[in-house]
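Chain lettering (A, B, C and D) follows the sequence in which the chains are written, and residue indices restart at 1 in each chain.
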Amino acid sequence: MNKLFFRNDYGEGAHPQILAKLVETNLEHTCGYGLDAYSEKAAALIREKCGKPEAAVHMMIGGTSANMISLSAFMRPYEAAIAAETGHINVHETGTVEGSGHKVCIAASKDGKVLPEGVQAVVNAHTDEHMVHPRVVYISQPTEIGTVYSLDELKALREVCDRNDLILFADGARLGSALTCSEATVTLKDMAELCDAFYIGGTKNGMLFGEALVIVNKALHKDFRFMIKNRGGMIAKGRLCGLMFLTALENDGYFDWARHANAMADIIRAGMEKGGVKQFIPTTTNQVFPVITREQEKMLEEKIEFEHWGDVDEDHVAIRFVTSWATTEEDANALADIMEAL
Amino acid sequence: MNKLFFRNDYGEGAHPQILAKLVETNLEHTCGYGLDAYSEKAAALIREKCGKPEAAVHMMIGGTSANMISLSAFMRPYEAAIAAETGHINVHETGTVEGSGHKVCIAASKDGKVLPEGVQAVVNAHTDEHMVHPRVVYISQPTEIGTVYSLDELKALREVCDRNDLILFADGARLGSALTCSEATVTLKDMAELCDAFYIGGTKNGMLFGEALVIVNKALHKDFRFMIKNRGGMIAKGRLCGLMFLTALENDGYFDWARHANAMADIIRAGMEKGGVKQFIPTTTNQVFPVITREQEKMLEEKIEFEHWGDVDEDHVAIRFVTSWATTEEDANALADIMEAL
Amino acid sequence: MNKLFFRNDYGEGAHPQILAKLVETNLEHTCGYGLDAYSEKAAALIREKCGKPEAAVHMMIGGTSANMISLSAFMRPYEAAIAAETGHINVHETGTVEGSGHKVCIAASKDGKVLPEGVQAVVNAHTDEHMVHPRVVYISQPTEIGTVYSLDELKALREVCDRNDLILFADGARLGSALTCSEATVTLKDMAELCDAFYIGGTKNGMLFGEALVIVNKALHKDFRFMIKNRGGMIAKGRLCGLMFLTALENDGYFDWARHANAMADIIRAGMEKGGVKQFIPTTTNQVFPVITREQEKMLEEKIEFEHWGDVDEDHVAIRFVTSWATTEEDANALADIMEAL
Amino acid sequence: MNKLFFRNDYGEGAHPQILAKLVETNLEHTCGYGLDAYSEKAAALIREKCGKPEAAVHMMIGGTSANMISLSAFMRPYEAAIAAETGHINVHETGTVEGSGHKVCIAASKDGKVLPEGVQAVVNAHTDEHMVHPRVVYISQPTEIGTVYSLDELKALREVCDRNDLILFADGARLGSALTCSEATVTLKDMAELCDAFYIGGTKNGMLFGEALVIVNKALHKDFRFMIKNRGGMIAKGRLCGLMFLTALENDGYFDWARHANAMADIIRAGMEKGGVKQFIPTTTNQVFPVITREQEKMLEEKIEFEHWGDVDEDHVAIRFVTSWATTEEDANALADIMEAL
């Protein structure tokens, strides 16, 4: 019997609608490098949905690449990013930001979310030319641990950025999940209104790959395509991203797929609650972090593919389940039953 | 009426067999980041076809990324690459190699091919620590202008590399075309035998994206996946490349598709010959460079999509036609007829 | 009346013996770039005093430059340094290490000293290619806050480095002070025996500029002069460093000057003790950190040049006094009296 | 008997007036890192002599460091410098410019001088985001081979820069020699008027080290001290440069010393002319390049320290004599006699 798959949200190919579109358009001839009509249409649609007719939209190949290229485009060599300790750029990108020359300064955070006072403290601590100059606040919406910034929290970050001439940049690798979860108070338009730049993640929400980077702040537009190419992030068949985002956004499938992922996670969370299994960090997005005993973990490993997240105490561990557009209700229910019976 | 498309070899999606495989496997769950069974099978098959059971094989997202990551993994900060003036890394990659810290030294070349004596001259000119230390010879097979290294030429480069402790690295963005053209004397096994590392290009031969990097020299293996990630070149759904290369190589479709592209170019070359249209650089691969008058160019632009290559003299220009797996015999014949009648 | 100067240990020119030597040799003709006989003699003397006849010795222009060049020579792009949160490379070098592409990971520390278990924890937390690979442990002897590693502490760090294949690198900007303070248990030979590389700081102990980098580990020797030049750290009149280190070390003036600086700080510490003024961090080297009230700080500012170090609580601040070879006993006594009377 | 020393212009210490000033001020206490009163006075004097009261002046430790830091401060990652093939940054700096991420594009040159039409050709050849974007024209005044730009030539470069939105940057490692040679038509004020930034070289004209960088273009001022520190070029005892430039410029010794060096070279050139020895490149600055036979070279090596410059033909070589503030008339005459008698 196959194990239930809750390891991640990039374990399959693409949403069938996406793949169908690629098959349908496969033999059409277009320009390369994202200058084709599909990419332009996708960009126009994104601008419209963001309510930002003058935003720059660029199709990036993946999250790490999008983060690194954006940050190195937005900063001069002595400038630094500010992130939570758990921030993806700080932990899980093998030093790409530093690799492009920039320090990542750690700001105090709560539940994976950067605190405005944490940002201010980092700014205050950097006083002269013997220290880096903090310039970009990097956040993830949702965070690496599945929590989401509320509208108020996002506005507070915008405010501390404005006060200190900082750029607010949001990693949206799982943006769909954040915008459609039960506690969501932030819309796509809010993201575009409050961030200088952010991206709409495709890889983890039904596409083969690709993130649509939206640069709202015009001061950051200049020569961005040079930066993409200079950092190795431009692919020849750029239309693929255009086609995939167009398909996902034209009928708001993008949001439906994310909503589905969240709903599947809700089923699991409900099972956990019935079974009295606690969450390490309570979430409403597509990542769930049960706290269980080591024995329970071993037992689950026989039936389920998931990730070990970390040790909680001598006896307990946190594990991670991730749902996606591809998670079936059947599988979610099966997992919920297992968790309830734990 | 649609124009005939001879602009490039990345203007369509993927070879139908490739796409079919993606559709077929779409809902399977696998590990991410290229650690899945398909990627491993593809790597094993490549090792076998190269006759190098201990080679490291990595799936890269594109040529520029593969070049930059390989060169920066192979060199220390003060070391430099040697390339032809027309070398892709020297002209068309927006300074990615320099962007990762390394100078590109220009060696004398003929017909786009680096000359061994040119390599030796660069080495001889760099004598102490006030100059960069040349370390990697970068070649393209075929070259950026469609010519191919013969087996003897490749052996001569290997020899100058051995004599000077240099690494020989081959950009194989169009490797299929080089290995299957009418004047080919180099096989895949020869590439693996003579180069320290090279890649088998997928983007320009039927895949959505992807190049299979083969690192034969074991001294260059260490921690290469760290380098891929550190430079932003690792994608979550790594299995896609594995699936695409597996499909292409299992029944040698990869070579058939390339052979087809070359054959289509041969049809065009034959038409040109009949019409007395000269080639700027005579080629046998999937790129053809007719020399025509400016008036002829204007006329062709109305019927054909192609690239202006450069000015030859006051009256003449060189243009470029590129064929691919997707070029139909009908289109090739149509273009041949046009060229014959020019 | 002039204020008493206790702001730093680089506020004057050079020790008179150093300057006399520069005057004496001024019109001699020598090779450039550190290849002259004086630089070679200085290097030989340093090797001898370190008991490491095969060590490589390089004259560096300053501490930040020495740190950055060493770390980037010792690491591959995805590798990272480990340092204390207060580490100079982490706080006061404007991101030069990151600027050369490497992350600085923070290890737990006590009194500014990196803890072996902190190093081990950083290593343990970095498990795969999605994270940087920790490679160099960066320490300062003495630390940025004036404390010193004991011989046992240094051995324990060596041990954790050996166990994890890490390089131990010591910033010795104030090494003289560490080796001659009252609690010193580490000798120059111990430094050479236990560190893979370290430097003997000149700038802060009587020279115009310059640090003598000692690379004991032969695996790190290769092409180091290329690295110095590549990173902008090689000066034409390299003999200056050679002459200065030769003068300082031939008769052990280097250690006498440092001992003097420590003795001057001891006078101040004695005055503080009599006056009941606490040290923020108790030290025996040439930096003293009194904890005083904000009012006291204002009062002192009228008579003394010093640095505000940080806030301790609502009412108290820590300030910093630094002594040097140039501090007179008269000035030290004057400051001690002031502190006693506070 | 000692050989005559004509190897370079950095083979001695400092001009005696410089050294005297360092001795005189040695025990004064000042701020570090170039924020002292001497550095400020020197900067003010330089602004005045340049006729640019709002220029930024920074003391740099050496030419390679000044070039690299300036170019990386002035450019974004995908931007490139334009230089002559013989340009110092292209040949003799171990790839520091590339090491900081930027390509050096080669423009056509004559007698070591970048041609305006060469600059234009480079600009024209770079048309889109697949290529670097040329941004800074790097020249040396005098050039690496001792020739000087005339006022008309400099104006023509300014003009091509204005036309293409390029920055004109001049390496002035030997600027004194260029401004005081017999064919000089460019003044210090002309340099400041026509260049966006340039430096007044100290290392090769009587100082221990140091170059005074003048950034005239205000758009390039921002945060430059951060850049100096970030790239490892800021030294603690920054006042040294201030003191040295102040001493050199207060009574125009800087120009007298350079004039002396040129005069000594003139003596050698006169001897060569009498002896019928040709110059490889005719110069009027402090570098002379005689063309002699291999036998003559061997013979000269026994009496003179000089550099082999390169092979001219099978029988002839070019060598280099360099004069400086430290060259005595006696030595110059002795060399002139030898050359006359060759």
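By definition in this document, contacts are C-beta pairs under 8 Å (C-beta built on N, C-alpha and C of every residue); 3 or more make two chains touch, one makes a residue touch a chain.
Everything numeric here is computed off the predicted structure, so don't read it as measured data.
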{"item": "Chains touching both chain A and chain D, listed by label", "value": "B, C"}
{"item": "Interface with more contacting C-beta pairs, comparing B-D to C-D", "value": "C-D"}
{"item": "Pair in C-D, B-C or A-D that repeats A-B, with over half of contact pairs matching by residue number", "value": "C-D"}
{"item": "Whole-Å gap separating chain B and chain C, where each centre is the average of the chain's CA atoms", "value": "50"}
{"item": "Averaged-CA centre spacing for the pair chain D and chain B, given as whole angstrom", "value": "42"}
{"item": "Averaged-CA centre spacing for the pair chain D and chain C, given as whole angstrom", "value": "33"}
{"item": "Residues of chain B whose C-beta touches two or more other chains", "value": "77-78, 93-95, 99-101, 129-130, 132, 226, 229-231, 234"}
{"item": "Partner chain C, residues of chain B touching it in the complex", "value": "33, 72-73, 76-78, 100-101, 129-130, 132-133, 223, 225-231, 234"}
{"item": "Touch list for chain C against partner chain D, complex", "value": "5, 7-8, 10-14, 16, 19, 22-23, 25-32, 61-65, 68-69, 93-96, 99, 203-204, 208-209, 226, 229-237, 240, 305, 326"}
{"item": "Contacting residues of chain C [partner chain A, same complex]", "value": "77-78, 80, 91-95, 98-104, 129-132"}
